[in-house]
C-alpha cells in the first residue's frame, strides 16, 4: 500500500551557546565532537536497521522504523552519559517523508527554543505500532554520478569537484522534494540517498532528466523497498550496482515495480 | 606580507569500489567509518593547530601550516593501522588558498586515479620551511546567520532550514572563491568558515551584501589572522562574538586591519 | 529459580600475526584500535542491556541475555565493515557463569585455532529462547574499596595503587570463581563486577572476609538481580550506594534476598 | 649515559562521584567513555611518539618524552571540549621510571584530593628540555608468552587463560619493579610492556627465570632503546620478532647491548 515513514529529529540542546562558553572552543574539537556524536547516532540507529543523516550536525534527521520509545530513551541516556551535551528527540510518522519530518520537528519546537537552556532532553511524539508495519513501508533511492572519478575527481581540484556535485544534485533534490515530498541527503563521495514515498520508474527518469538539464550532471539511480530503511537501502544499492553493470540509468527492485501504479 | 597557506588533500585510496566489495556494505557502517575517520584526521591535524574539513568524506581538505613531512607520514601510518582503508596525501603552498589546493590535488592526480587499486598511500608535495612562516600566514573568516535559531530552527522543518542555509551560503561562498580564491566550508549549525587571502573590511562588507541580495540570508562575519589556522580561527571566533555583542556585521582583529591595504 | 546466563566470547580472528605483519605496528595504534573496538562492542551489547568486558582485548567476554542470533551476526558485520579485523563469536547458556563461558569458548575452539588464517567470523552456539527467560536470570555483584581515594589514590603512586588493588581483588575473585563459578572483572577505578549465580548474603560476607584476610583490602558489595545483566547491574549499583550511605558492607536488593535460600 | 624518563600521570577529576550522580550511570556507557578517553589519550600521546597505558582508566600513566607543557595543555583542552569530564596532569622526569611516576603523582596529590570538586585541570611539574634529551633516554622491554595460543587460548576457557597469564606475569612484573624500578603494563593478548632503566642481558634472563619459577609461565622478551618511547618500543618489537624466528628467549638491540655495563 502506501509508504509509512517514521522520522526522528535529533536536536542538540542549546548547542550554539555551549560552543562559545566560556570562550569559543577549538574548531577541530567541535568538529570531532559533532562527527563522533553523529557516528554514535548512526551506529545506534543503524544496527537497529534505521538510517541517520548528519544534516547540520546540531540537528540530525533519522529514519527509525522499528525503534520504539524505549530505544529512543536509551539513545538519549547513552549520549548524556558520554558527551558534554544532551539531545532532544521528536518522532512522527507519515506516508510522505517531508510531512513526517515536519511533524517531528513540530514536536520539538512546541517544547521550547533550540537555544532555551531550560529545554533539556525532550522526547515527544509517537512511534509506529508493530501491527501497523508492513514489508514495503520504506522506499529508498540511491543516486550516484556516472564516472565521477574520471570526470571530476581525477581532473578538477577537490573544492571544484565538491561544488560541481553539490550544485548538480541540488536541482534533483529540490525536484524530489517539491514533487514527491522526498528527503534527500548527501552521504559522501558522489552519493545521495533519497527517502521517498512509493514512486514508479517514470518519476525517477524525470528526475534524472531534470538533473541533466538543470544541474548539468548525469546521474544513475537504484531504488529499493523494505520493512526497514536498511532493507530498502540495501536493495537500492544492489539495484545501483545493476545500473553500473548493465549500463542503465534507473533500476528498481522487482517486487517494488510490480506493486506500483504510476 | 602576503598570506601563505599550506593545504593537504586527504584522499581515501580506491574507496568507491571498497564500499561495494564483495557486496554493498551497510550504509550506516559507511557513515560511521567516514565520520570517525574524519574525526581522527580533525584531531590529528587540529591538535597541531591545523584545520580539516570533511568535504566529500572520501576526499578531505586540510589546512596544515606547521605540519611537516614526518607528521604527514605518521598520519598515513596511524590510519592504515586502525582502518580497513588507506589514504593518499598531496600537499602544497600558495598565497591563494584555491591555488594551493589545485597544486595539492595535482600532486595526487599525477600519481594515478583515485580508483586505481595500485595507487596506495601516495605522499607528494612540499611543506613550508619553518623559516618561511610568519605571524600572519593565515586569514580565517567565520560566518554565521543572524538569529538563525529564531528565524529558521524554531520555525521551519529541519530539512527546509538546512536547504535554506545551504542555499543562502552558496552565493557568498561562490563570491569568495571567484573574487578572492577563498576556500569555504560548512562546519555545522549555521556556521561557515572561509580560508581567505589577506582582505580588507570592504571585501567582507561586499560579500555580506551579495549574500543578502543573491542568497536572501543575513550574515555576520568575524575575521582573524595568525601563524596557524587555529590562531587565525580563534581570533575570527572572538571577532564574531564581538559582532554579536556590538550588533555589527563585520569585525576584524585589530592587528590584521592595520596591516591590510584594501 | 536458578540463574540463567548467556555468555558470548568475542575473539579477534588471527590477531597476533596481524599486529606484526608486515612489520610490527605502532603500539599506540594497537591500543587505540583495541580500546575503540571494545568500546564499540560495549555500546552494541550495552544498549541491548548486555555487558561486555575487555579481558585481554583480543578476547572479550560478554553477557548477552536478550541478544539473539541476528544481533550477533549484525555485530560481526558492523565490525567487519569498519575495522581492519574480523571477530568470531561463540555463545552458550548455563546456570553457572563459568560453565556458560567454557561452552562458549569451546564453540570457537572447535572451529579452529585463534591463529588459523582460514578461521574467519565463526558464529557457533545457541541463544536463549524468549520463553526461557525470566525476571531473575542474572545476578550481579558490584564491589568497590572502602575509601580507596583516601587510602591509596591520594597517598601512593599510581602504579602502587593499581598493584595494591589488583592484588587485593585477586583473592576475592578467585574465591568467587572457585566456590561459586562466578566471572569477575575489573571495570576501572576501584570497581570490580562479578557475574554470579544466585547466592545468599552470607556468601558475600564470606567473600569480603576472605578479601580482608588474604588480600588485605576492605571491600563493600552491592548485589542486584534482573532479567538482563543491565537490570541486575543497575540494582547492584544502587545497593552499593546504599552500603556507602548506611555504612554497610553488603547490600542486596530486596526481591532478591527474599527468593534466595541460603 | 643513564635513562631519562618523562612520566605524565593523567587523572580524571572527581570521577567517582560523577559516575553515580545524580544516579548510577549505565555501566556500558562508563566503559565506553573510559575506553574512548584512553584511546584519545593514546592517539594524542602516541602520534607524538609517546606511550599511554590504561592502568585504572580514571588514572592513566603516560611516557611523554618529547611533549612539552604546551602539548600537555592542549591535551587538557581537547578533552575538556569533548567529554563530560576534565583531567589533571602531573609530569616529572627521572632516570628510574618508578621514581618519575612517584614525583608526577606527588605533583597532583599536593594540589588536592582526586575527589575534591574544586581541584580541576591541575597541571604541575616540569618537562624535559630539548637540550637534556639523548638518543637512548628510553628503554623498553616487550614480553610475550611462548605459544600462548596453543597452550592457553585454544585449550582453556577465556577467563582461565586471562587469569593464568595475569598471574604468570604478576611475578615478573613485581621483580622488574622491585629490582629495577621498572613500570610494567599489560597491553592485550599475551603482551606486557616494561619501561625500564638501562639493564644488561643477564637482568632479563634472571627475570624470565623468575617468571618460570614463580609464575609458571615461559616468556620471551625483546628490548630496545631510543630517544622516544616509540623508538625504543618499535626496536623492542623487532627484537621480540627476532626471538620468535631464532627461538631465543632474550634479544637486545645491538647499539643498546654495546653501551650497557652490566
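Note that the chains take the letters A, B, C and D in the order they are written out, and that residue 1 is the start of every chain.
Keep this in mind: contacts are C-beta pairs under 8 Å (C-beta built on N, C-alpha and C of every residue); 3 or more make two chains touch, one makes a residue touch a chain.
Treat the numbers as computed from the prediction; the structure is a model and nothing was measured.
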TODO: Chains touching subunit B and subunit C alike, please list them.
DONE: A, D
Open item on the list: Can you check which chain pair, B-D or C-D, has more C-beta pairs in contact?
Closed with: C-D
TODO: Compute the distance, rounded to whole Å, between the mean C-alpha positions of subunit B and subunit D.
DONE: 37
TODO: Please work out the Cα centroid separation of subunit C and subunit D, and write it as a whole number of Å.
DONE: 24
Task: Where subunit D touches two or more other chains at once, by residue number - done: 26, 29-30, 32, 36, 43, 46-47, 78
TODO: Answer with line, ring, star, complete or other to describe the graph linking chains that touch.
DONE: complete
Open item on the list: Which residues of subunit D touch subunit C once you look at their complex with the stated criterion?
Closed with: 9, 11, 15-16, 19-20, 24, 26-32, 34-36, 38-39, 42-43, 45-47, 50-52, 54-59, 61, 98, 101-102, 104-106, 109, 113-115, 149-150, 153-159, 161-163, 165, 167, 170, 174, 177, 183, 187-190, 193, 230, 233-234, 237-238, 240-241
Open item on the list: Help me check something: in the complex, which residues belonging to subunit D touch subunit A?
Closed with: 25-26, 29-30, 32-33, 36, 77-78, 81-84
TODO: Please give the residue numbers of subunit A that touch subunit C in the complex, ascending.
DONE: 40, 43-44, 46-47, 74-75, 78
